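What follows are several structures.
Both of the next two complexes hold chain A, though its partner changes from chain B to chain C.
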Partner chain A sequence: MKQTARIISTYAADVSGVCSALYELGGMTVMHDASGCNSTYNTHDEPRWYDMDSMVYISALSEMEAVMGDDEKLVGDIVSVAKELNPKFIAVAGTPIPMVIGTDFAAVASMIEKRSGIPTMGFSTNGMHSYLSGASMAFAGLARRFCLGETEKTEALGANILGLTPLDFSVNGSAQDIKALLEQNGIEVVSSWAMGSSLEQLERAGAAHVNLVVSYAGLETAKLLKERFGTPYVAGVPVGREFSSLVVQRLYSAARTEENAVAYPKKARGHFDGVIIGESVMAHSLAAAALLEQGKNLRVLCPLEAEKELLGADSLHVHDETDIAECLAGERLIVADPLYKPICPKDAVFVPLAHEAFSGRIFRRDIPDLIGRGLNSLF
Partner chain B sequence: MMKIAVYGKGGIGKSTTVSNVAAALAGQGLRVMQIGCDPKADSTTMLHGGTRIPTVLDLVRERKDDFSLEEMVVQGFGGVICVEAGGPTPGLGCAGRGIVAALDKLAEKGAYEVYKPDLVIYDVLGDVVCGGFSMPMRQGYADKVFVVTSGENMAIYAAANIATAVENFRDRGYASLGGLILNRRNVKNEQQKVEELAQELGTDIVGTLDHSDLVTQAEELGKTVLEAFPGSDMAQQYRDLANSLLQACRKGGDKG
Partner chain C sequence: MKNLRAGAVLDSTQATIAEAAFPVPFAQGLEYGTPARGTWNIVHTGMLIPQAHQIFVCAAGCLRGVVLTAAEMGLEERFSTVEIRENNLLDGDMEELIIEGVSDILQRLPQMPPAVLIYTSCIHHFLACDLDRVYDILRQRFPHVGFAQCYMNPIMRKSGLTPDQLMRHGLYSLLEPCPLNEKSVSILGNDLPTDESSELYQILSEEGFTIRDITRCRDYAEYQQMAQSALALTYNPAAIPAGEFVQQHLGAKHLYLPLSYDFDAIAAGYDALCDTLGIARRDFSKQRERADAALRHARHLIGDTPVEIDYTLTFKPLGLARLLLSYGFRVTTMYADAFLGEERQDFEALRETAPDLLLRPTIHAGMRFASREREQKVLALGQKAAYFAGTPHFVNVVECGGMFGFDGICRLAKLMEEAFCEEKDTKALIQIKGLGCGCCS
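So, the complex of A and B:
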């Protein structure tokens, strides 16, 4: 059955990706949706919800407002709340209902900005894509809007970390450990998009010599920053001792050559010992680290949005449950979120690697910090 | 690149007018792209011998994303680049949303960058009845909206309604009203009624077309008047209208 998940879970939707990307930056994010639907977002997709304040709202779109196309109510409500809260920016993100009635988010954003005087971005999310697509839109929107002026480059090698959200990295120290690892290697972290950085730090992104793309969500922004400031990017998550060193080396060489790079190998690798399922940059990085440190040759299966440049020659890029199950048949070792286990062969060795964007809070406490604690925390 | 959208009451002659204007401008050496935004998908038929062409939404329905830009496009008379947005199964789905999806798909496949038209004309179904039908006037699409009307009351009401929608959208950065096109039906006081409408709307009549049997004859041949009767007075009227539309666009500035 195509486009249906009968047994396994589905990934967090694009609107959650927008909220997650913007959560820490002092903006006000409004999901344009019927009231009640926000629990999916705050309960399952946002681990910072109970510990960190953020201005995330739902518009409480009513049936008649949808039928009548009453954008005026949405605009008026947001402007009146924004005047009280004075956020640094406003973001409005769509859901399935506005998609069906063809709401023009760029126009809505322009109306809000004219009336409130606050920079406003509209994102045409529609719930039909994954969190990566939404986070990617949000990061790119920030870059277009806030990374405008020329910035003096840092004295030491400066880097931005792009594509960092709890939906891929949870809140388990991973974000801090990526930063710490770069700093230990003499790299100044200009900004981290977007965990542990302020909007003002993001605005200085042009000061970096190189960008580290840690998920597909950071790729579009990396391309924009390359275009605007000439900053090259390296894709890879610094997991495991040996692969981390490689990532650091690649950052230095990319800064020197000004050429973009992918830190993990992409060539065909022949016989595989097993499969790892996940987001493209993270899964390929883990596969590279597992090969370097443990001699395990893992093939990547990416069920999410990814670009060809991020995928290995042998990687599987499939989305539907039936296709994924077909790919897994006969595999002896599978590394994946525990909610994939029911479609895995019974005799395969299953290594659970919970992914917040797939299983939400169910296994949150078991999500390892692979950057700080290395691969031993997984295998 | 100039982009215009043409609206007006159903049956008022939008597609005929647009196709003839497209053919006239193509004859002057301009690269014109005509995009039919009507589920009936019959905007460009007179530019390619009265035949039907595959619509963008037919391709999406049958092949998802597995088709090329070239498959969405047919080169018609004079090299006019013809596209039909198409629509859902009649009586089902949402035609307005279909227009949004089709125009998004066209942009996603790089239609404007690849064909680099000097002028894009969106020929839009009847009235602005929902969000989807305002898509062609949204930012990034048309810069100017032209409304085809006759002196018939229903056509005038529809024209006024469309102009009101354009006015309402002003703070959204949408297209502005470029003017009215009077397509004569020879009703009483026709010129005066449409002039009054233009005055009320604060706009101009940018061009006038006579009622002519040649238009019907050309249509029966599956051709534009420009192709079937290029030396006729009617063909010249379309050429004059085409030049007036260009002038009205240039007056408002080319937003590129």
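So, the complex of A and C:
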């Protein structure tokens, strides 16, 4: 039956995606929730929680406030704390019950902004979509709100990195290495959305000649920046030695042609050696790298939100446990988070590749940094 | 932060106990969550029923924390989920989703479990889901499975029974009535086993009673034997509704034996226990002396080192603070967001005897930026106190850790000495969920 999982995990939800995307930017993010979202987020979805302070809170919505539709309590509490802590912006994100009672987050944001004088964004998340959806909303919200003015382009080739959160890239140095790889190849990183950059750096995103979309979460923002500044984008994660070079080449060519591109092949590839499960841009990039370096032809199975332009012609786009198990039947090689192993065929070779958005902190120390590096540690 | 009038609800991150209101000292608003995660959640507690299977029916965002709790316990095979999606809210098929989802999962399990704990969520409450009908149908479909009605509905935490109380109630709801055994006593409602060295255990075992505790049950049959107990003891305040349920449902007598740090109250509790069991009262003067000596020894070693306590260490943090202050420990700070009604006497006493005792919240938004540095060595009792004090010297215990009575005080004094002398890896230890449940992350 659809919607049931006998044994596998659940991906981080949209509300966590909002918090993760905005975490380092000096804003205050409030999950409009009774309780639970906070501990889920700060335990399983946020590896920076212990060492990096950030204003992420829950509203502690009560039954009575929900029944009475008491948005005034939410607005008042947020304004009160914001006046004490003076964040650069405020974000309010929803969870299931606010959806059930029809909370108007745009209106709530408007009220908060009017009273506090602090730029405020409302996100109608509801805990029923993945982190990619929430992070995508948050990044796009930032772009709409803060990337407004005309900005002079950088002298050297400038790029923004879009869609970067620990949920896909953990805290193993991958975020820093993407930046370093681009810089080593003569590309100036204008901003990184949103690990290792400030809000002020994000505001300068229009100065870039090209954008690198490293996850589905960055795609909407890339489209917005294309519309606003004419900046083309390239989708791909620079993993592996050969594929990472290809990504850099694609950035240069996209900047030249001003055409958007996807760095990995999307055409049908016929016979496959196995399956790789993961987020669309990362999984396709790894599959491309594996083909280039190892001669392994992996089919991508994406259980998360993805757009057609990011998926290969042969890629599988399924979500439910029974559907995924059906797709995996008969496979000989499976690359996936260890929490998928119980539904994999017993005789398949299982290559564990932990994904923070799926297994949280459990295998964090085993997540490899594959940026610009060979895939030997994986296969 | 603002200056505060005496007895006010505080819009601040600190105040002396003399200034604070009871039972909720601080203003409630946006909430912060510390990285101290040792207290148990409803998954940890539910897993105490041996061989039982848990099925959560919620939105994906709510499933995330519980599914990973089970995974961190290494118990994924005893845990499943039914995901609520937007169409279910619009279609009004919530009952069908639970019935068919649970049925599908049970049919796919390698072995039918003897019991299933179904956790429904806030959404079911708000949509007035007919849970009685859901459980009726499931019991008809699976007559050999016991279904426990459990909840993950944090929106109700300020209305009626709390989710914690409901969980402890649900834990014993599967016990089937049977003839009572006068020589069998159950201890209900704790996540951690009570120390066998406690006077409680000694009294019961020396008088020939069989002591049953869910934390020590090895299989479902042993769990069911708890229904035989003629006496159900509770000392966790959150377990009182479970004790009352057992009294009503199984016919056992429920005795609430409050955890206390007051020597006279401890002895009075044991007297009440003996009277209830119809056995002779005992003399606890030697145990009193041992507890007294243990505290004096610890005080001598720890000296004037500041002591900070948080509410996760024990069900009675104010009582503990009062005891330690009476022995000359320099208890400076207490972390708590609210107190139990039964702690009022200790609160009032501390206002008189230690008016400068500092109260601090743990969930107040401002605590995110509270200084975690101290000018001198601090001994923390509890994980949250350790985190906020930024100290490697802490007693790593949650929910009393099985310590009870005079023996519990002796053991706590010993743990305080050890914590004072040895450093711990605070960051690593306090982030482990469900201390004592076997979680490895």
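Quick note on the criterion: the second predicted complex is superposed on the first by the 374 of 379 C-alpha atoms of A that agree within 3 Å, B and C clash if a C-alpha of one lies under 4 Å from a C-alpha of the other, contacts with A are read in each partner's own complex, and residues count from 1 in each chain.
Going forward, a residue touches a chain if its C-beta (ideal position, glycine included) is under 8 Å from a C-beta of that chain, and two chains touch if they have at least 3 such contacts.
Quick caveat: nothing in here was measured; it's all calculated off a predicted structure.
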### Query
Regarding the shared-chain residue A:59, is it in contact with chain B (first), chain C (second), both, or neither?
second
### Query
Taking the superposition as given, does A:110 touch the first partner, chain B, the second, chain C, both, or neither?
first
### Message
Looking at A:184 after the superposition, I want to know if it touches chain B, chain C, both of them or none. Which is it: first, second, both, neither?
### Response
neither
### Query
Of the two partner chains, chain B (first) and chain C (second), which one does A:377 touch, if any: first, second, both, or neither?
neither
#### Entry: Superposition-derived comparison: chain B or chain C, residues of chain A touched
C
### Message
Quick check for you: in the superposed arrangement, does A:69 touch first (chain B), second (chain C), both or neither?
### Response
first
### Query
Who does A:4 touch here: chain B (first), chain C (second), both, or neither?
second
### Query
Touch check for A:100: first (chain B), second (chain C), both, or neither?
both
### Task
Could you pull out which residues of chain A sit against chain B in one structure and against chain C in the other?
99-101
#### Entry: Residues of chain C that touch chain A when the two form their complex
11, 28-33, 35, 37, 41, 58-65, 67-68, 71-72, 76-77, 79-86, 89, 97, 100-101, 104-105, 108-109, 121-123, 125-127, 152, 154-159, 363, 365-366, 368-369, 427, 431, 433, 441
### Query
Which positions of chain A touch chain B when the two form their complex?
69, 99-104, 106-108, 110-111, 114
#### Entry: Interfacial residue positions of chain B with respect to chain A in the complex
94, 96-97, 100, 130-132, 134-135, 138-140, 169, 171-174
### Message
Can you tell me which positions in chain A touch chain C when the two form their complex?
### Response
1, 3-7, 9-16, 30, 34-40, 42-45, 49-50, 53-55, 57-64, 66, 77-78, 80-81, 84-85, 95-97, 99-101, 126-130, 339, 342, 359-362
